[in-house]
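Please find the structures below.
Shared between the two complexes below is chain A, which pairs with chain B and chain C, respectively.
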Partner chain A sequence: MNDSYLETLRAALAQVSGFIYPNELELQWSILIVLYPYITGLVAGAFILASLERVFNVKSVKPTYRLSLLVALAFLLIAPLPLQVHLGHPERAFEIFMTPNTSSAMAMFGFVYIWYLMVVLLVEIWLDYRREIVLWSKSETFWPKRLFYKLLTFGVDNISPRSLEIDEKIGRALTVIGLPSAVLLHGYVGFIFGSIKANPWWSTPLMPIIFLFSAMASGIAGVLLFYMFLCWLRDEPIDMPCIDTVAKFFLTALIVAFSLEMLETLQTAYEAEEHFDIIALLVEGKLYFSMIFVQILMGSLTPMFLLGLAQLFDLPEKVRKVFYGASAVLSLVGIFAMRWNVVVGGQFFSKSLRGFTTYKMEFAGREGLLSAIVLAILPLFVLAGLLYLLPPWGERAGKESATS
Partner chain B sequence: MNPINRRQFLKTAALTFLAFAGRALAAPLAAAEKFFHEPPWRRKKPYWGYAVDITKCIGCGRCADACKTENEIPREPFYFRTWVERYILRRSGEVAVDSPNGGIDGYPPPRDPESIAQSFFVPKLCNHCEHSPCEQVCPVGATFKTEDGVVLVDRKYCIGCRYCIQACPYGCRYFHPTLQVADKCTLCYHRIKNGKRPACVENCPTGARMFGDLSDPEGALTKFRESERTQVLKPHMGTEPKLVYKGLDKEVR
Partner chain C sequence: MKDISHLLRVAGIFVLVVAGFLVVRHFMVPKSFGEVGHYRADAVDEIRALKQHYSGDAACPACHKGQSQEKAQGGHRGVRCESCHGALQEHVEQPKSVKPGKPKESEMRSFCGRCHEKSLSKPPKFPQQNLKEHNPGIACDQCHPAHKPQ
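Moving on to the complex of A and B:
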């Protein structure tokens, strides 16, 4: 038994207000479970942005296409880690694949994840890069890298126009499958919470769709930010028509997500069922800062205002860049707060609807702040590695010479 | 195989449509008759149930204490398989609920006794729901319902994701700090399998806690359920608890 943790819980007893069932003192899903839907959200959002170009032929977002896929992959590779670290018996995690309980939303995780990673994302990225991989496997001078590309060709070095055309066709078909898969991946995460009837703060059929649209907003914000940062880093001009279009989709996703959230809030307040009093106290008290201030005011209304200004007025390029960047940062913070408010907020109040428990976050423990920060930064390192191995920027020149 | 021609296709489509249409006309007429579900204890024997007579509970907490001893539950005041809540309803309409250390060490004397309209104790434990949400959400099937109706956790199988703790509307589960698995009331399965009663029932001095076989028409529990008006906790959840209460107040959740 971890004595310091028990000591934390004993201290938390004094922080309880009102009545809670005795077993409710311990907050079961920690900051790591806040991180999980946040990271999967970025994956789904980035992928949906990528499919804009492929499926819906929004050509102006082309410069972000490959970057979006790589961002999605980097975050997807890390996504299961917070879950894994959180488990009481991580060594039994594989049972989710081996003996899934078909009535459990969580058991579907393994299958949705594997499907999305193996079938959709990896194959799509491979197809899109295949031509370059073949070229790199011949031209690369640094031998370990050359070997890596050689392995990635799987022994196929046919890059005739005909075979590239087939690649393009399969790639498009994959994106068409991938789009609902990305929706499924994140919709299912929302369903994990939305299907818990015991918790009135979670239990709503809108949950998957709220998660989905906020995921789109966060994914688009993430890619937008990475794109602008990488342009700055590589001393390249930012493609303004591209980020103008991305900002438009960003604003749309924000508006839809925010409207759904407010609709849900309004409905709860208007119906004012048994649980309404405790929910109102929750929002006015423990969640005031993270919900009213960070999520709504800072993370939703401010970016909507800034992006709206950029739409309505003919602002100079420099101002637009600042507005887009600021909106992206703000909504990334706001959406993290939204995940926090759902996951942790939903555990603050007792299911007896008579009181609140508290959350004492550890710093260095397995589920502490430190591991959360490490897990949040890890995808950035993975992304850096991916950018090194599969640079997305040569693409336009490559594609053009291939078609000419 | 011959390819289906247009006539055959249309014929099949029309028949399918007619079948659905016929069903659509007939279904509403028979709908109400489907309300009745035969309880599982008509088919399975034995099938364990539990009842609490709130009017008999004196809040001594011996049940919660015995449970901790019998099942080796950590003695911390936030891990319980069963606990006793005290309700104080004041004339002003104010409702105060407490359960210090699950009721094991007694309760502090209430302030201003004159203002109390009524007060009572409510023992709580796993409801052994017929449609248990904890069993539904367990990703690996570590939580399961036995043939005799008891909801159990397989400690060697539980991965410790805690989804079941979130899904239980009654707060009856906790995360075992040493075993790192979800834990809950087993109705003392090791005892009832050997013909004994659960420790909490055994130790209740007033007979407020009752345990028995629902499939036995002459059993004490069946007689109690037939003769008394009982209620379950949070019936709107549709979990169909096999734990019923006599004398339940609307303030109890």
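Moving on to the complex of A and C:
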């Protein structure tokens, strides 16, 4: 052991308070593990919003249907990356498929992921776009794009009413299957945390449900924001009945997620088991800003208040747009804080329940802030690519080219 | 049939992908995987065949009787010889040509500090010192003989 290591150890120990075990000094699950449930949450939430139109026939949200699917796909493609970067050795990821370990929830997730990506999302998007893909494969002038569409037609350009009707039926059936798959995809993340019985901050059967509803809120907020931004970018009017309905579901998801979290907290406080003292210290101390201020006040109560006002009063369009946009941004930040409070917060206190460690985030390292920012922005680039290749407003363009 | 031909093609691609995966899996998964557990059984023999580096304490008293007796009476009786002298199997096999190592005098303070650096998490009776303040610059074995520390 060299002197510089001892110096680092001394500096780290100075940040520790109370009594902790030696292996608790360093936080193993870094900001990338915060990012991972955040991204999968956005996927599940966006897909659930898409299913509103398809399965539950909420026609007013149709303008966001395709966008929701593309958002879900863009984020799903990037979702495993934070895990890969955290673990290193991305080549080993394939071993969970080669030699599946059925007793590991983490390993089984690989199958949930691949099922959701390959069977649900890709096929559903393909079926929904097939008509346009066939039309674009004939009308597109830029050859690489035309080739891309040509490949996606799989050599069949039959878009007879009967074939489209069959596509519609299968697409609907896929969404019905996809809904529980999306729930499984994100519920699993909560399940992993909820089943860590050694950690009282995590170990609760409510964890998957809390994760799921906050995921719905974040996914809906994300799609709402993308939709409003794209309308502004394309200089198109925002479909107000659509975003009014989306905002209603957004508010519902927020209320349920917030109520569940508060119920859980209240129950922990009322039961006041032996771990409660350390949790109270955690919430009043290290998590005060990120939990009380960012997650609860800024990320939950303020959006609920703004969305509630829009529901209760007949506000002008302009004000509603500002309220919806602000609520979406605030709750996206708030839900990120929630993931932070769960993942990092749960590692702050010692198993001895008598001390705290600390988390000093690197800036440029593999698990540093910079990696996290890159991984958080990456889905936006994927989404931009998907919007370029499969414009969600393409239905109209497709119809126009069909008639010309 | 014509109206579902595109679906049949996609289904065909899925079948091909799954079949391709099974073929790749057949060649990628090691033969002995899963024979005795969720790992490659051959790995056990491969590990057994690796060169042994550590001899264990039992090998030392045969030649180093004095030091072994001295150590057995002191505070370091629970510390393995190889903790300070490094891996010794080669020395056991060729005692003349391979000599055991020991901590350099210049590194001794940080070496001993691995166990004896003061820390709140250690039991209060365990000998520990703040090495920044405790006789700085002097090698530990000047005052505390390593085999029978006082």
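Operating definition for what follows: the second predicted complex is superposed on the first by the 381 of 404 C-alpha atoms of A that agree within 3 Å, B and C clash if a C-alpha of one lies under 4 Å from a C-alpha of the other, contacts with A are read in each partner's own complex, and residues count from 1 in each chain.
One rule holds for everything that comes next: contacts are C-beta pairs under 8 Å (C-beta built on N, C-alpha and C of every residue); 3 or more make two chains touch, one makes a residue touch a chain.
None of the values given here were measured: they were computed from a predicted structure.
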**Message:** Please determine, from the superposition on chain A, whether chain B and chain C clash or fit.
**Reply:** clash
**Complete:** Per residue count on chain A, the busier partner among chain B and chain C is B
**Message:** So in the superposed three-chain picture, is A:Leu6 touching just chain B, just chain C, both, or none of them (first/second/both/neither)?
**Reply:** both
**Request:** Name the contact category of A:Arg162: first (chain B only), second (chain C only), both, or neither.
**Result:** second
**Request:** Examine A:Ala364 and indicate which partner it touches, taking first as chain B and second as chain C; both and neither are also allowed.
**Result:** neither
**Request:** Pick one for A:Lys351: touches chain B only (first), chain C only (second), both, or neither.
**Result:** first
**Message:** Let me test your reading of the model: by the given contact rule, A:Thr99 touches which partner, first (chain B), second (chain C), both or neither?
**Reply:** both
**Message:** Between chain B and chain C, whom does A:Leu312 touch in the aligned arrangement: first, second, both, or neither?
**Reply:** neither
**Asked** After superposition on the shared chain, which partner residues are touched by A:Phe19: those of chain B (first), chain C (second), both, or neither?
**Response** both
**Message:** With the touch criterion stated at the top, can you tell me which chain A residues are shared between the chain B interface and the chain C interface?
**Reply:** 1-2, 6, 13, 19-22, 99, 101
**Asked** Which residues, counting only chain C, touch chain A once they are in their complex?
**Response** 2-7, 9-10, 13-14, 17, 21, 25, 28-29, 33-34, 38, 110-111, 113-114, 117, 119-121
**Prompt:** Any idea which chain B residues touch chain A in the complex?
**Reply:** 74, 76-80, 83, 85, 96-99, 101-102, 124, 133, 136-141, 157-163, 165-175, 177-181, 237-238, 253
**chain A residues within the chain B interface of the complex** = 1-2, 5-6, 9-10, 13, 19-26, 28-29, 83, 86-90, 92-93, 95-96, 99-101, 103-107, 109, 192, 195-199, 347, 350-354
**Message:** Help me check something: in the complex, which residues belonging to chain A touch chain C?
**Reply:** 1-3, 6, 13, 19-22, 97-99, 101, 118, 123, 126, 130, 153-156, 158, 160, 162-163, 166-167, 170
